[in-house]
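Pasting a structure here, questions to come.
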Amino acid sequence: MDFLEPVFFALFALGIIGAGLCVVVLRRITAQALLMALTFACMAGMFLLLGAETIALFQVLIYVGAITILILFGVMFTKQEERAYGLFFQEQTRWAAAFVLLIGLPVAYLALSFADPLTPSAKGGDLIPLAASLFTDYAFPFEVASVLLLAALVGAIVLVKRDEQ
Amino acid sequence: MDTLLTLLIVIPIAGIVPLIVFFRDQRAVKQVAVVTTFIELLVSLVMLAQFHVGEAGFQMTESHAWLPSFGIRYELGVDGISVLLIPMTTLLTFISVLYSTGGAIKQRIGEFMIVFLLLEVGMVGVFMALDLFLFYVFFELMLVPMYLIIGIWGGPRRVYATLKFVLFTLAGSLLMLVGIIAVYLQSGPPGNRTLSLPDLLDRSGRFPPEFQFWVFLAFALAFAIKMPMVPFHTWLPDAHVEAPTAGSIVLAGVLLKAGGYGFLRFAVPLFPVGTQAWLPILILLSVVAILYGAIVSVVQKDLKKLVAYSSVAHMGFVTLGIFVLNQQGGVGAVLQMLNHGFVTGALFLFVGIQYEKTHRRQIADLGGLANTWPLFTAFFGVFTLASLGLPGLSGFVGEFLVLLGTFKFNPPGGPGGLFWGPLAAIGVILAAVYLLWMFQRVMYGTLREAYRALPDLSPIEVVCAVPLLLLTVLLGVFPQPAIAIIEPSVQRILAIAAGASQVVLK
Amino acid sequence: MTIADVVAVLPEVAVTTTALLVLLADAVVGRRAARTWLPVLTILGLVVAIFAGPRTVASHTAFGGFVVIDTFATFFRILFCILAIFATVVAPEYLERRAIPAAEFYATVLFSTVGAMTIALSSDLITVFVGLELMTIPIYVLAAMARRDRYSNEAGLKYFLLGAFSSAMLLYGFAWLYGLSGTTTFAGIAKAISAGGLTNGPTLVALALVTVGLAFKAAVVPFHQWTPDAYDGAPTPATAFMSVAPKAAAFAAILRIMLGTLGPLALDWSAVFAVLAAITMTGGNVVALVQGNVKRMLAYSSIAHTGYILAGVAAYQAGTSASAAVLFYVFAYGVMNLGAFACLIYLDLEGTRGATLDELNGFARRQPIGAVAFAVFLISLTGIPPTIGFVAKVFILQPVLDAGLVWLAVVIALNAVLAAFYYLRVVVHMYMYDVDANAPRLLHPNLLSAGLGIAGIAVVFLGIVPDFLYRWALQAAAPFVLR
Amino acid sequence: MIQNVWLIPAFPLAAFLVNALFGRRWLGRWTGPLASAAIAASALMSIAVFLEVRAGAERTIVPLYTFISVGDFHVDVAAQVDPLSSAMLLVVTIVSLLVHVYSIGYMAHDHGFWRFFTWLPLFVFAMLILVLGDNYLVMFVGWEGVGVCSYLLIGFWFERPEPAGAAKKAFVMNRIGDWGFMIGMITTFLVFGSMNFVDVFERVAKDPPAQGVLALIGLAFFLGATGKSAQLPLYSWLPDAMEGPTPVSALIHAATMVTAGVYLVARSTPLFAAAGPVLAVVGAVGALTAIFAATIALVQFDIKRVMAYSTVSQLGYMFLALGVGAPIAAMFHLITHAFFKALLFLGSGSVIHGVGNVQDMRQMGGLRSKMPLTYWTMVIAGGALAALPPLAGFWSKDEILGSAFKNGYPILWVVGVFTGGLTAFYVTRAIWLTFHGQPRDRHLFEHAHESPRVMTVPLLALAAGSVLVGFIGFPPDNGLIHAFLGPVVESAKDDQIRPILAGTNWAEFLLLAAISTAVGIGGILIGLSMYSRGRPEPAAVSRAAGPYYDVLVNKYYVDELYDRRLVDVGKAFAGAAWAFDIHIIDGLVNRLGWAIKLGGGGLRRAQTGVVGNYALSIVAGLLVIMVVYGGYATGWLHR
Amino acid sequence: MTVPLGAFIAVSAALFFIGTAGVLVRRNAVVILMCVELMLNASNLALVAFSRRAGQLGAGNPLDQRGSVFVVFVFVIAAAEVAVGLAIILASYRNRPTVNVDDLHEMKG
């Protein structure tokens, strides 16, 4: 299995970066959404490689599932059209590329400085410890997060519900 | 009474309450305002009577913790300098309020009186505060009311003028605030810091020369703008021209004094080395102000502008007197402040009265008014003469002492008193030129038909003018009682400055 | 989770419960009753929250160290509750007129308040991030809450997109911090970083990302551009709240993270912060100067105030007084800025969208109480005594000078002059230009006027008697002593 | 009596106060007699004081109260009663009294009657302060006080523009002189540590400071004197001052105020004496002014202007005397001049009054018959002015010229003698044109009348003075006045001042007197010949003189120089200064505001409203911050 | 395990900046939202990778809980963000049928 890891890693990395780039570059919104889902899926693979099975599962459930679908709904509800830039300063691709490369390349380079090799993952999964810490140590942020969801819920409803009259 | 000074601050505030209650009743508003300012005047006179002449230090001091976690105190006190400036303030305020009840303020009189009483709090406080922070608070407290007075009850270009006034003043005072805080930090180790002037004077030997250099600059900018010294004076003509009469009176009579007072009270004794470093420039600017203000006054077409520019020249004498750093100069500067308060206040009062009657302020539109207004002419003439420094009236004593001090001024290196003194004295000639020319064009000559039926001074206006006249004459003929009050304190300040600068330089 | 833990977060529980009760009550009671009683319920809940918190100065932890109840947290809890109360007080009439669902508005404000409070009491990256999001996401909703108002939509959308973007940056920075230190607790990270310092490349990346993320939340130039549009477009009561609470929360986060966590790098970031502070206050003021719309002008002015507060952060070397100055200023800013925006509600009730200067002409005649209150807030924002704004500026200047940043102090002073120009110009229009005599008097919602009146008096009162507040700020700042 | 010397100025002051407060409403015409009575009281007191001084009270200081005392500077309001001041007291109060009485008649029909009698006693008060002060500061108070009264009284008819302008001109030119006074006074204090005459002169005598310093002080005081006493170059206000009522001209601009400069220099004799070349300057300026003004007086037609230039000229004589070291002669001339010039003015006033406010002599003529009393008194005064023996002017002027000659200033003597001729000529011309010949304006002549008694009695009194006062200087160099004023100059131990108490050298006196009298009579004869016989015809003379005549008629174009050139240049300068104020100083401020607004506009445009741009600026900010942090980390940026 | 930690982080950085670039260059609000999600995901990857590293420094679990718990919270937050974000987009779309953020520049200056 170990020798496969670099292969899988390469595959997933390729998937993440390639699909991510496509999301940015492509012009068809549905394709973009699906490619985003692909990125999420590859990410789940990465999580598996890192031994975070539970996270990977959540990733699939929440991202590949819920979020992608939500976004697809959003796409469906709105009319999509690409228009030419109306104002010259809206065209900023070159600047954006330059800045992002100027920042991204050094950051990526610095990222490689985390050179520690990772030990093979111990078996047994991460679900139990994760759940345990989530509901004990992290009880407070967990509660806050639930309030957050509630707030988002209320907010989303109030924003999209039809007017009463 | 050991809370007399606080009482002076409280009275105007207390007067605001009935003003708000009777807000809609014009008569009541006027009565309340007049009575309040009159009580304030009486109390300030009581304070003056209780003052022990001949003692140099602060008297009637009050000191309470105010912001203990910051080491700031509510500390009041008067010495020979402020004990005269405060009654001047209360008198001018009373006169302004009294005059304003006579119909000069036509709208929102309730608001006007509230704002004016607030202004009085600031003005009185400035001269009593012994804590730098408290001083700053009062210093700025004068700002907003005056801003409103000019902006609401002013002339056609009031908004421009009032914003200019505020921005100029703030630019200076905020830098001073930085300076004050720097002083605070320098005053001692954390926990033992203070802004109380008496404490600071004990510690001012700790201010290193470079520190003094910069902090003095910060203070000097604030005061120079307030005075105003050339070249920071351009707000003054605009502010005066647009301000209502009452505003002009206190602006010229009191607010400008805050600058000179600040120099003398804080900047000089706290930063003697800084003072020395900036001395040549300040002397130069003072003399320039005297001459330049006078020269520009000569060509003014607007009566109020002329008096405003003449203020620049007169305040030049104040700064000159302060910065020659000797007793004659210092005492002369204080006397000049008093004199300028009464005389220029009176001139603005009369320009205002005149304007209320003729609705003209352009000198070219006036003329011959002496034919129909004998009383007005008499008063206005005396104040004009006092303003040009006629001996026997108050203007002379201050200017003379300042000149005397200037001649004595003998700095190591650089031009001395024998250079600056005669130059400054030229200002005395020029004052005669522009004031008499103004008087000639406004009061002398043939009277226009339109003005023939206009009435002379009303009883209220006479009541406003008489105390000023008496004071002008008294200060001119018998200046010594005032000098006796002022001198020890000036001497003390100069001595402190001299002592502290020796400590620092050693 | 023990009883003690619950007790520790009782105020948060109270606020959350209130939010739920408000939503529930809205569903239960009738429209008229709701209109009267929802604000009352909200305010009551917040008052309970204020008194539910601990009164002692002793700090303790709860939830296994994830919640720190110290003086700092207490300060901010109370501040956020006060701001929420104030925002609730000024809103009802506006919500009614603009057909904004009131219950959801109050609930959203309350949710955001919980988030802000969470930031203040957090002690690790996770809690602070969750709190930040709980604070922000309701604000997006608030901004967009006037659904049929295109400006509100635009404000919400812009704020949301950029807010999410910046949150992602902050999160990525957090991730790197975690990677660097192997822990998410503030104390742990601080310990790990003090070993390496900035010379470590990844530390640099993390620091930069965190700086930008937090700077965005506080609206620091050049990360501020969402601010004017979001403030401008949002419904005015929402603007009033979102201009103060998130900013206060952002500074709570900045203190917790930059000082409490990245303290070992303070030498580096404080230099950047000092420059950012100068740029921010100048940029905000200069652009505010040329605004014709008062709401937008106030938005820019709030950017300028960010600069002043940031200067206090940059002056960390002065010790407690720097953090205390930040806290005091945040408090002062909260009251006066919220009040200033709220004063625009009078005119908004007439249908304006953040009055232009000309629409304010004669305001003093049409709405005397509102005009006095507005003038007081503006004077306080200018920093003229005897108002809290002045004292706050003094408290900021003191550590700035103490830290040796004389140039920054001078920049602050000069900026205050710039600011005076446009603040006082508003007073000019209210008091010195008159509208024709026929202009009707403006509506006079009692709650709004009472709230503004009290706030105005508080602004002056605290300007005259600031000591207890400052002492409280000093206590609250005690956890952040770096020398 | 000396201890109560303060009553002397107190009476006029009281009159001033009473008239000022109650004059307009209640007193009305009673103001005149009231003021006169007050002055009379002062005059009586002055006589008493004078007698007491004569009886031996050489110098008494009467302190009243501390005026200013700051540090080492201490000045009392105190009177110094000594021969000099008591003599001046006498002159001032007596002439004032006469002028007051005269004015009751002269001003009778003026609606400003009460005002006139308010200001005139005030003037007397100020003049008395000037005279009595025991130090330069108090003297200065009086000095400026008389200046301002002069201002008020010149501008008495302020509804006309000319008096108003003349008043201002007078005050401003005086102020230029006062500048010098002030500098002299303050420098005196710096050098001597005191402003009291006694202290200063004692120091000069015992321990004189460097001559240069004294010269500076002397010149400064002399500048003050030129302003007040209308000497070159500050004389031009005096002719203009004739716009005031004639009694004012008589009192202020002939008899008293304008002599204050002489009094100042005489008072400071010890100081001047020790100041080296300053006295020579004084003498030269005096002589120059004397001849300069006399030449102008030759061709003026306004009767009062002739008298005004004559006054300037005569004051020049006094300074000449001071310059040649003869202060007693100067004081002597001051006294005689006070009488005869006051008389000339009052006489002119009587004429003007009589003919209905006409001053141009070309419209007069033949008035002798209509106003004989005026005529004869004027003749006496004219004779005194022309220094005909034995009238008062003869004695004093001759003493001046004699001193100039004896003390070694032959050029000044020549100038003086020649000016004497000119003086005789123009006074002859004036009297002839006014009183003799055919009436040139019939209408005017018909209505001319002699003045009422209240005016003529003072004329007579002054005429008596003009005849008799000269004898206080008899015998020459050794008369009453020399004995009396001797102590004033005695303290000046310097070879430049020669107290002329050596006794009379009759031969010398007669010779010199003969020469100057001859020149004077020559002048009179030429005048008579020109105006009574028409030989040579005055018009022909003026044609022949051509441009020179024009120069004289136009008063050497000095007014043009001062008013047009200097004033215009000054105004232009002031205008430029104001433009600088508005455009540069204020302009800079406004420009700054404008620049800030421009910057705001620029930054505003960066706020495009487009989310993408906002995000880009966030990223750009991130980039910069990273670079900065990188810089800190690597050390190429310093914190 | 042969793949070093740095590789994971580098991939996460790449994805993060791809997302960043997307936010900068795309104008469709929904797409921007997607790009933000990519950025969040990049963070998640970094968090998990780091938690793996932190875990092996400590004892017991291969993963440090902090990182993975953080990731879980990010999931929640991302969901909430998407929900609210889409709601805002839809609300805006009702008034002005466009999802093009360039068209929303009525407020500027």
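First chain written, first letter: the chains are A, B, C, D and E, and each begins at residue 1.
The working rule: a contact is a pair of C-beta atoms (placed from the backbone, for glycine too) under 8 Å apart; a residue touches a chain by one contact, two chains touch by 3 or more.
Keep in mind the model is a prediction, meaning the values are calculated, not measured.
The chains that touch both chain A and chain E are C, D. Counting C-beta pairs in contact, the chain pair with the largest number is A-E. With centres defined as mean CA coordinates, chain E is found 96 Å away from chain D. Here the spacing of chain C and chain E, counted between their Cα centres, is 26 Å.
For this pair, chain A with chain C, the centres built from the Cα atoms lie 31 Å apart.
Rounded to a whole number, the gap between the C-alpha centres of chain B and chain E is 65 angstrom.
Looking at chain D, residues 604, 607-613, 615-616, 619-620, 622, 626 sit in touch with two or more other chains. The set of chain C residues that touch two or more partner chains comprises 126, 130, 133, 137, 140-141, 144, 147-148, 156-158, 161, 165, 169, 179, 201, 204-205, 228-229, 421.
Shared interface positions of chain E, i.e. residues touching 2 or more other chains, are given as 9, 12, 16, 19-20, 23-25, 27, 32-33, 49, 51, 53, 69, 73, 76-77, 80-81, 84, 87-89, 91, 101-102, 104-109.
Shown are all chain pairs that touch, namely A-C, A-D, A-E, B-C, B-D, C-D, C-E, D-E. Within the complex formed with chain D, the chain E residues making contact are 20, 23-25, 27, 32, 101-102, 104-109.
By the touch criterion given at the top, residues 1, 5, 9, 12, 16, 19, 23, 62-64, 66-67, 99, 101, 104, 107-108, 111-112, 114-115, 118, 126-127, 130-131, 133-134, 137-138, 140-141, 144-145, 147-148, 156, 179, 201-202, 204-205 of chain C touch chain A in their complex. Chain A meets chain E in the complex at residues 2-3, 5-6, 9, 12-13, 16-17, 20-21, 23-24, 29, 32-33, 36, 39-40, 43, 46-47, 49-52, 54-55, 58-59, 62-63, 66-67, 70-71, 73-75, 77-83, 85-87, 90, 92-93, 96-97, 99-100, 103-104, 107-108, 111-122, 126, 129-130, 133-134, 137-138, 141-142, 145, 148-149, 151-153, 155-157, 159-160.
Per the touch definition, chain E reaches chain C in the complex via residues 9, 12, 16, 19-20, 23, 29, 32-33, 36, 39-40, 42-43, 46-47, 49-51, 53-54, 57-58, 64, 66-67, 69-70, 73-74, 76-77, 80-81, 84-85, 87-89, 91-92, 94-96, 101, 104-109. Listing the residues of chain C that touch chain D in their complex gives 157-158, 161-162, 165-166, 169, 198-199, 201, 204-205, 207-209, 211-212, 215-216, 222-223, 225-226, 228-229, 267-269, 271-272, 283, 286-290, 418, 421.
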